[in-house]
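One chain, subunit A, links the two complexes that follow: it is found with subunit B in the first and with subunit C in the second.
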Partner chain A sequence: MSFFTKFPAMGRTDLRDFKKGIDGKFKEFSREWGEGIEAFFDPLYYFLNWFEKLLNATPWPIIILIVGALAYLGSRSWKLSVGAMVSFLLIGYLGMWKNTMSTVALISVSTLLCIVLGIPLGIWMSRSDRVQKIITPILDIMQTIPIFVYLLPVVMLLGIGKIPGLIAVCVYAMPPIIRLTNLGLRLVNKDVLEAADSFGANYRQRLFSVQFPLALPNIFAGVNQTIMMALAMVVIASMIGVKGLGMPVLQSIQNQYLALGLMNGLAIVALAIIFDRVSQQYGKRLQRHREGGHDA
Partner chain B sequence: MPDLKIQIKNLYKIFGRNDKKMISHVESGMSKAELLETHGHVLALKDVNIDVPAKGVQVIMGLSGSGKSTLIRHINRLIEPTSGEMLVDGNDVLSMSDSDLEHFRRFQASMVFQNFALFPHKTILENGMYGLKIQGEKDNQAKPKTQKWLDRVGLSGFENHYPAQLSGGMQQRVGLARALSTDADILLMDEAFSALDPLIRTDMQDVLLDLQKELHKTVIFITHDLDEALRIGDNITILRDGEVIQQGNPQEIILNPADEYVSDFIQDINRPRVLQIGSIADPKGKSEGPSMDAETVVEDALQKIILSKANGINVVKDGKNIGAASLEQLIHAIARPTGEKKGIESYR
Partner chain C sequence: MQKSILSAAIVAGALAMSSGANASECGEISMADMNWPSATLMANVDKIILEAGYGCEIEMVGGATTTTFASMDNKGEPDVAAELWINAVREPLFAAMDEGRLHSARSGPITDLGEGWWLPPYTVAAHPELKTVLDILERPDLFPDKEDPSRGAFIGCPAGWGCQLSNQSLFIAFGMEAKGWNLIDPGSQAGLDGTIIKANERGENWFGYYWAPTSMIGKYNLQMMPFGVPFAGAENWDGCVAKGPEACTDPKPSSWTPSEVHTVVTDRFKNVAGPAMGYFDKRIWPGGVMGAMLVYMDSEQADGPDAAAHFMEAHEDLWMQWVPAEIAAKVKAAL
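Then we have the complex of A and B:
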């Protein structure tokens, strides 16, 4: 009766060989292709490095002014703009300037990468139910799989550093922009799309003149979510050697430095709030046509 | 016989997975309800044949669910047919390639929708320009053309507003201007005025009739409102459960309803105000009374008879006497036909 009380698992040696086989194959693959894959990501690596150096080389008053100006351009709100500048001054005063610049560089580049890859994927997904059926579970996996599980093969392939960090951030942060682009495009009123069709618009004309602009509120919510999730990954990314605000947080966990952890943690929060408010306000401003209507 | 602009031939539309296989069932006499029950397919249009003359207003009328909106969407192929032909100027729209179809929609037929379907993120001017932009025109050419139509439908000064800032009536004027600006000679109007309240609706009908006097487009007008159909239609086609029940000009339909469904439909119309003496006149008849034009409605004719103390009128068309109608004939014509009124609801 041991069949019912003890699960009929694979034999211990078989299982070990099975795992070893997979590990071995992956190591082989990594040895053979690792350099090629690294070379593939080189442009991204140079861009990220260049951007980080640029931020660090620019005199801090100019950065503060740029932050204020961008916040104002995005939100058209003096309060938010001044708030952002004060936050950056405080961050600098508390000695976190360099790390903040690294984090801003990483977040900006990864958000950009997510948008550049995610929006076309979302568009593709919105066109076909079959594509949606295939991509949705992949996105579910990307968002739920324990981060360390996919960090491992990435690190085995590319070593530790910025690029694996960037990939880790993007795997986690890209799903919202894909999902919300797809959703936004699918939610556009069918009547309006029919009207575009009736005037002989082809797919491209319809997408860019009608469907995409009307989906922008949702797409923008996706961009916003992507930024937030990218920021949430800063500490994890520091585990594989990405410099920035995550590094001191990691140190403070290992050494019980309360103040250091708190300061850097709050700096991440400040960045998140600034990015969030500005991008949300900007998203709202894109919907000017909804103002002053009676059925909007 | 005027030129035929659009010919719809043996058009069938069945919604469902195996629509093509269902045609044989329908041809062998299976009803809409039976088809739904035994095969799970919805019969939307059954063997529809309509000839639409050029430069007139063709009304297609029926209750909701009679297939009229489905039918109009076949003309520019927003809906694919199950089988049949749709000839416009002799070319079959239903067998056009994608690029031919795009060209057809851009230049030959434009559409006005029941719920307006304006682009909410575009200004009134940009909405009006949409068709022209799709045709490939540049802003500086499209703007003056669109402005002309916006002015024509009474929207001057609203160019930079957004649709949500306008009332329903105004929004549909935008819809009309958007359709007119492409200069297509076919205008498809899908219950275009049904969502408007009665006064605004009459107003919009006037706008359309007024435009039609100078533009002479071929208009396909879908409505469920008989008064509207009689007011603007040169020809009326009545649909029921996807089948054509009767076709003819308004006078024929009122005087000779094809079946109970149609007579129920016309029960409540104001006969003296709609019927024209030309359709009542007896060609061999003679009368001592005054002469009146054939298109005079009975109401006006009766007034004239009473004022002139005659007991009939002579009917004149294009300056020629085409007969006469006696007082008795006129009164017969306006009396509500006999027959039990079941109420239009019983046909749903």
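Then we have the complex of A and C:
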């Protein structure tokens, strides 16, 4: 009867040995391969470091102008461009310039990495149901697993700092771009594809001239979500020693420094809004441009 | 004579009854389950003994030094902090104790503990010339910072911890910036431990802040380095170093302040759970027992309640001394 009331669990000692075995294996792996894996990420690391130093070494008026120009190029809206410049001026005035530059460097590089890896994965997924079946649960894991569960092994392997931070951000922020690229490509009207085929389009033409442009709204929604989720990870990344706006937030949470926390939190929000509006406007503009082309 | 013995017996009986009544009235107590192993172990052992021996109903509340203290100071919750390192909260704590809102139920509940700057044993063996912190500070080249290899990396205390401010102040006091050091903020305990584990697995040099009693210290046999300067007085430490570089700009070099740990309780606890105050007064963990328990927790991957159960079993001779015989019997029966 006790079989039904008490779950037939693995014995306490066996379970402990099982857990210890896994930990031991991981430590062996880390000793054996840690330096090699670290070296593998070195180019990315040097790029990230270089980019951060560049942002910090550039005189602030130039950065502000670049921010305004990028916002204008993306959105073609003076309001947004001026708004972005004013927020950066405010951030600088409130003494958060250096941390903001570190965060901008990390977010830009990690978003770029997510897009460069995520869009091809999404395309691959859209082409094959079997690939989709394999990748979807992996994306589910990436989005729901408690962050420190994979951060601790990453820290043991790569130490603290920018690269583990980048990995943490990308694990969390990459799924939306993969999912929405896949979804967008799959939602393209079958009749349109048939028409493309009947005109004798080859695979590449069909993908890049027909499917991809039609999937653009979804893909841009994915890019946008990826940026937002990357920014949401700033505080978590600072828990493994990434410099930036997350550090003061962490400090203020533990010490009840309300103003410090609010200021740095709002700076993260300002970055998010600027990135969000500019990328959304850019996506919309691409769409409008194409629609106009059809009408003409 | 006969009469006085009788009255003594009555008084003793009344006392026993009243303490029995108190025990059942102990009621609901909230206890801080601090987020480091020795504190969670102590809190869980306290929970077992207070529940089984004194009839309290204990609710565990997660916490960390400054947050738990702030909550106790402002809201009177949780009622008990078993292992409160008071260096970070000394002034508000003493103010609250003077006003009678908080009480120290036991000073020094663990022996042989402390904070400081540590080196791994192989670094000490390879560089016998590094006798004090002052010697180490001349050699930033031995501890290169990955992000800036021309400078040395000193691993400080995670952002937001009380020790972060003291480390920042000492970094300034010892002129470490000019000597070629960077102060690295590991961001969290996982980050700090990760740097030690990684350095030890690879045999890399490591120089940073840590504290004992911890399983990290026991496991990797880290060596606490003497600072090479005397303790420059409580005024310098409490009034300047502990307040951090924003509040005080000219800290003087000093060795780390001797650590003071207290078991702190609220006034409410003292009133409703009176007899349990006597338990806290006797409850002292020898550093060796604590160290062994921490290595046990680490190697067996035991959490607080598991480790507390193991402790009650393995160190009966120790906890039996903390409580009166009849309570010890009650606790033993409940195990």
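One rule holds for everything that comes next: the second predicted complex is superposed on the first by the 286 of 296 C-alpha atoms of A that agree within 3 Å, B and C clash if a C-alpha of one lies under 4 Å from a C-alpha of the other, contacts with A are read in each partner's own complex, and residues count from 1 in each chain.
Methods note: a residue touches a chain if its C-beta (ideal position, glycine included) is under 8 Å from a C-beta of that chain, and two chains touch if they have at least 3 such contacts.
The model shown is predicted, which means the values in this text are computed figures rather than measured ones.
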Touched partner set for A:Gly36, first subunit B, second subunit C, both or neither: neither
Partner chain(s) touched by A:Ala195 [first = subunit B, second = subunit C, both, neither]: first
Touched subunit A residues, subunit B compared with subunit C: C
Touched partner set for A:Pro137, first subunit B, second subunit C, both or neither: neither
Partner chain in contact with A:Leu214 - subunit B first, subunit C second, else both or neither: first
Which of subunit B and subunit C A:Pro8 touches, first, second, both or neither: neither
First, second, both or neither for A:Gln205, with subunit B first and subunit C second: first
Touching partner for A:Phe148 - first (subunit B), second (subunit C), both, neither: second
Which superposed partner A:Pro59 touches (first subunit B, second subunit C, both, neither): neither
Residues of subunit A touching subunit B in the complex: 189, 191-192, 194-202, 205, 209-210, 213-214, 287-296
Touching residues on subunit C, where the partner in the complex is subunit A: 64, 66-67, 70, 146-147, 158-161, 164, 184-188, 190-191, 194-195, 197-198, 201-202, 299-301
In the complex with subunit C, residue positions of subunit A that touch it: 16, 19-20, 23, 27, 30-31, 34-35, 49, 148, 151-152, 155-162, 238-243, 247-248, 250-256
Subunit B residues within the subunit A interface of the complex: 76, 78, 101-107, 110-111, 113, 115, 117-122, 130-131, 133-135, 162-165, 182, 188
